[in-house]
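The structures considered in this document are given below.
The following pair of complexes shares a single chain, chain A, combined with chain B in the former and chain C in the latter.
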Partner chain A sequence: MTRRTVITGMGVIAPSGTGVDAFWRSALEGRRSLGRLSRYPCDGYPLTVAGEVRDYDPADDIDSRITVQTDRFTQFALAAADFALKDAELRPDELPAYSFGAVTASAAGGVEFGQREIERLWSRGPAHVGPYQSIAWFYAASTGQLSIRHGLKGPCGVLVADESGGLDAIAHAARDIRYGTTAMLVGGAEAPFAPFSMACQYGHGLLSSAQEPDHAYLPFSTGARGFVPAEGGAMLVLEELEEQEARPVTSRTTTARPQVSVAGHGTTHTGALRHEESAEGLTKAILAALDEAECAPGDIGVVFADGLGVPVADRAEAAALREVFGSALDSVPVTVPKTGYGRAYAGAAALDVTLAALTLRHGLVPPTPYADGTHLGVDLVTGAPRSTSAGAALVLARGLSGGNSALVLRTVPA
Partner chain B sequence: MTRRATVTGVGVVAPGATGTKAFWDMLSSGRTATRGITLFDPAGFRSRIAAECDFDPGTVLTPEQTSRMDRYVQFGVAAAQEALAEAGLGVDEELSWRTAVSMGSAVGGTTQLEAEYVEASAGGAAWTIDHRKVSRDLFRVFSPAPLAGEVAESVGARGAVHTVSTGCTSGLDAIGYGLRLIEEGKADVVIAGGAESPVSPITVACFDAIRATSTRNDDPVHASRPFDLTRDGFVLGEGAAVLVLEEAGHARRRGARARCRVSGFATRGNAYHMTGLTREGLEMAEAIDQALWHARVDPSDVDYVNAHGSGTQQNDRHETAAVKRALGAHAHDTLVSSIKSMVGHSLGAIGAIELAACVLAMDHSVVPPTANLEVPDPDCDLDYVPVRAREARLRNILSVGSGFGGFQSAVVLTPGEHTP
Partner chain C sequence: MSASTALSHETLAEVISRCAGATTDAATLRTARPTFAELGVDSLGLLGIVAELEQVLGIPLGADAEQSTSPDELLGTANALLRSAA
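Take a look at the complex of A and B:
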């Protein structure tokens, strides 16, 4: 019998809100949370508009013993995971040893911590590099700290594949569950705003050069001029459906109906910056995800698009959707809520999956903030949220290194 | 019908040896490739030893590839090309979408990032660096994702492409994930392995800070001493290895030689400490149990354990305890060795390099030795094949890894279908 994976808990730290409730409310409002980059002085740099987490400091919720040994990206992951476990009403020590694991996706790693320690090394010498550099900046830091914080001794993993890696990590955790694990903490959180890490990214030319948030991130629009990066992310609790139903819970998310399952995933690779070729790659990824989910295109009631905001990439994504849905695409709502708060790299996909699950549960599609319409033949949801009776959602993400990933979420019949 | 993953090609770039033939010659002779660091001036650092690759990219890569790719990516692509050539596999349009890449790296492009940072910050003087001094291609280095991406482009793979970054178990985990992609029907071929080039000031400094690396600076050739009583830490290494994993039926239909199977994988977190290990090694033992169960191999049928054997005091004790717990009394009958004694510890690459060594060991019916193991440690009381390689019939091989973050991983190799 196939083991099925359902989402039983969600924890969010985003520029538009902390916690699932605040994040969902702001998404429905279409709140505009982009602003001038303040994490470091951005005068004279190409990038000045960003999505920053300003009303929440993860250090407030994490012991100082841990904050000194972690970068901000790990602190986001730890805080989001605390929220997700609380939401799921799941105490890891309730489960047998080795049956609860963790997978995170990361693109940037601990860049702020890392830059500080490299600065110490080069300005003051090797003896001034601190003992936590070895465990704070590497990409596995968040999974390792999650395992320790919650006693997670099940499968622990880390994927690095830019934005698409965020979806791949969720698929990977679902695979761990198919292979026998009961529950997984999975997601991604990023904190990319250190001067050097951003300087690494100016060369690809995809970051928005806009000086004003209102015109900075406009995917599928004639005004598209790149994407706005963000920090933050989401962690989810995934559980095997039947094992989850057997444990006594009363929390909202776990008892909410319908349950939402991680039903299908597909991923392909068509090369860095080859946006045109991503059309074929994304098409194949979507078809593979639909196939695994045992869905027809007509079952998909909403699409959370990648929406890179780069004209050639947007055209490729629209072409992939047209290829899969045909003329039916005209009646499938497409949304890019992250225009309101930016693309948080691997964290962006986890945030999108969170919104997609909430959409299936509440029957409301959040809009695309700042959007000024589209010319690419997709029915972009703008302004007010749109009601839907969708039983399945498609979430798309592409990575700068060339990955094209698709994830299908489905409601589980009661 | 169970889908199985056979190994049809192997490629290696290792310290002291480029290519699988030179690599095996080195391992079977017990020669060590550890030496004083030459990749930068290590004066002022606590540990000044590394196992470095003498790799000439011009022999394998085009000048354009060489200039675009960071050093560890060059290693990975070179290893992938050797592996694919050995497999004799042509990746056509149809197969390209069924060919995945799963590559491990712990620290990715750190070396180049550090060098560019120093340039753009006036030697670490300025927090707000001068971005105009940073190369425009640095986005290809910023995250390790391009490792798998470049390998994919070089072999023409367009299926699932991931970089795995679970610290020092990345190489094992990447191959384990590849096994699952084949078992679940997500791919027919997986280019799986690991690559790392961490020998840079910041990486050396961060291991100095926690005293994890050897300070036998006056005797670098003998510095990596797994299971030896006088061991004093690991020796940083670099390199890459790639296995071509191929679904057994796919390999059989095209008449490829299936050298062995990757048949079991498991990974567990120790939920204990980011760098510390327990004395008992329960979590690594659990990973071994699960990997053997996955492979349907009885613990008493393990002929060789390729150890993590990093040469730190705590690792070698922890691992010995874990192997004893998982294999029971048979632990004393099986052979155990650590090739880190020869090629150092290349973080996210070493798990793949060690699995490549296991495939070669099975081919040759020879267990590579633990070099420099001269003074037995009473806490490490298994047969670690000291100094000299040993002939042995090898059916089932277990390779284990352990890393910062608490990751504990195990992979099982079993004979291919045509092996008697």
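Take a look at the complex of A and C:
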């Protein structure tokens, strides 16, 4: 019997909204949630516009014994996972031991916590650095805390990677389910806005230097000038289709139809900042994902593009799509909803996958906020959401260090 | 910083709450005498509490303090050291 992985719970904390409903509504509206960076004084630095989570503090929902030992990125993951478990109506303690695991992806790690402790180190001395620094900065902190919080003894993992790693983590979790694990918590969340962390990125030249949100992040456009970074992310609950259908539930996502499966994944690596070469890498990743999903290109009804917003990278992504879809690309809607709230590194892919699953379920493609068109020969959805009868969605993500990943989601016939 | 005369339950409760996030107060420490495990303070939390007390009290508390199983025990260790340092 082939074990199939379906998404049964989603938890979102994004600059555009907290919770799946608010996030989906803002995506359909094309809400513009970018603003001036406020988590540290940005005067004098080359980055001004960012996507920040301002209406929700995850620390409000987490025990103070946990907040003292965790960075904001882990608090986002813990709170998002709580939302996702509630959405899935799944209580980890009701499953057999070793049957529930967690995988997260992280690019930044606990940099706000780390910056605070480093400031104590150089201003007051080593005795003033708290012991929780040893676990809070670490990329694995979110998976570890999730495992402790929910007693998850199943397969656990961490991918230290950025955008592409977010998709790879979901594929990793789906593979665990295929191999027999009952349920997985998977996703990514980031809180990258510490001065030293962002300073590490000023050199690569890909951050948008725009001063105003309206012109900051415009992938596939003639005005493309880099990307806007964001914080936040999403956690998903994945389960095996037939096991999930046998479980008594009443929650909306869990009982919603059609079910959406994680059907195929492909990933390649073409080297850091080699944007032109990502065309070939992305093409191969997409073909691998289609192959695993047993999809023809013509089955794909919508593409959630990586949309780096750097002209050479956008051209490469458009070229990859043209290579895979040929002339049929003209009738495939392509969207980059994250232009509305920014690229949350490893959290970005989980947010995109959430939107792609909702698109398949509701038949509406959310638009690309701020954008008003493209010159690269893709049918970019702008303005109002687009109706679709798509039964499969392709989600793309490239990492700044050269990862090119593709994930295919498919509706499961009732 | 010069050595303090004695560690109070009030100071200890404040340091436990601030460094380990465990909600407690002086009255609880005096009467209920909880263990660190009962307060939900793990070993790293205890390390942070001891390091902070060393700053507050102005004396090193040593490895014994880091092995304390309860605030009561830590208070006793700290106050014995303060008396011998006086």
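A few comments on the model shown:
Everything that follows uses one rule, which is that the second predicted complex is superposed on the first by the 414 of 414 C-alpha atoms of A that agree within 3 Å, B and C clash if a C-alpha of one lies under 4 Å from a C-alpha of the other, contacts with A are read in each partner's own complex, and residues count from 1 in each chain.
To be clear about the criterion, a residue touches a chain if its C-beta (ideal position, glycine included) is under 8 Å from a C-beta of that chain, and two chains touch if they have at least 3 such contacts.
Predicted model, so just to flag it, every value in this text is computed and none were measured.
With both structures placed on the common chain, the touch criterion links A:Gly109 to chain B but leaves chain C unconnected.
In the superposition on chain A, contact of A:Thr67 is made with chain C only, not with chain B. Within the superposed three-chain model, A:Pro131 lies in touch with chain B and with chain C [touch as defined at top]. Within the superposed three-chain model, A:Val160 lies in touch with chain B and out of touch with chain C [touch as defined at top].
Touched residues of chain A, counted separately for chain B and chain C, are more numerous for B. Once the two complexes are overlaid on chain A, the chain A residues touched by chain B in the first and by chain C in the second are 69, 127, 130-131, 134-135.
The residues of chain B lying in touch with chain A in their complex are 44-46, 97, 101, 105-108, 113-114, 116-118, 120-121, 123-125, 127-129, 131, 134-146, 148-149, 152-153, 157-167, 170, 173, 177, 180, 184, 201-202, 204-210, 212, 266-275, 283, 286, 403-407. Listing the residues of chain A that touch chain B in their complex gives 40-41, 45-46, 69, 98, 101-102, 106-109, 114-115, 117-123, 125-127, 129-131, 133-135, 138-141, 143-145, 147-148, 150-162, 165, 168, 172, 175, 178-179, 195-204, 267-272, 281, 284, 399-403.
The touching residues of chain C, when paired with chain A in their complex, are 17, 19-23, 40-41, 44-45, 47-48, 51, 54-55. Remark: chain A residues 63-69, 127-128, 130-132, 134-135 touch chain C in the complex.
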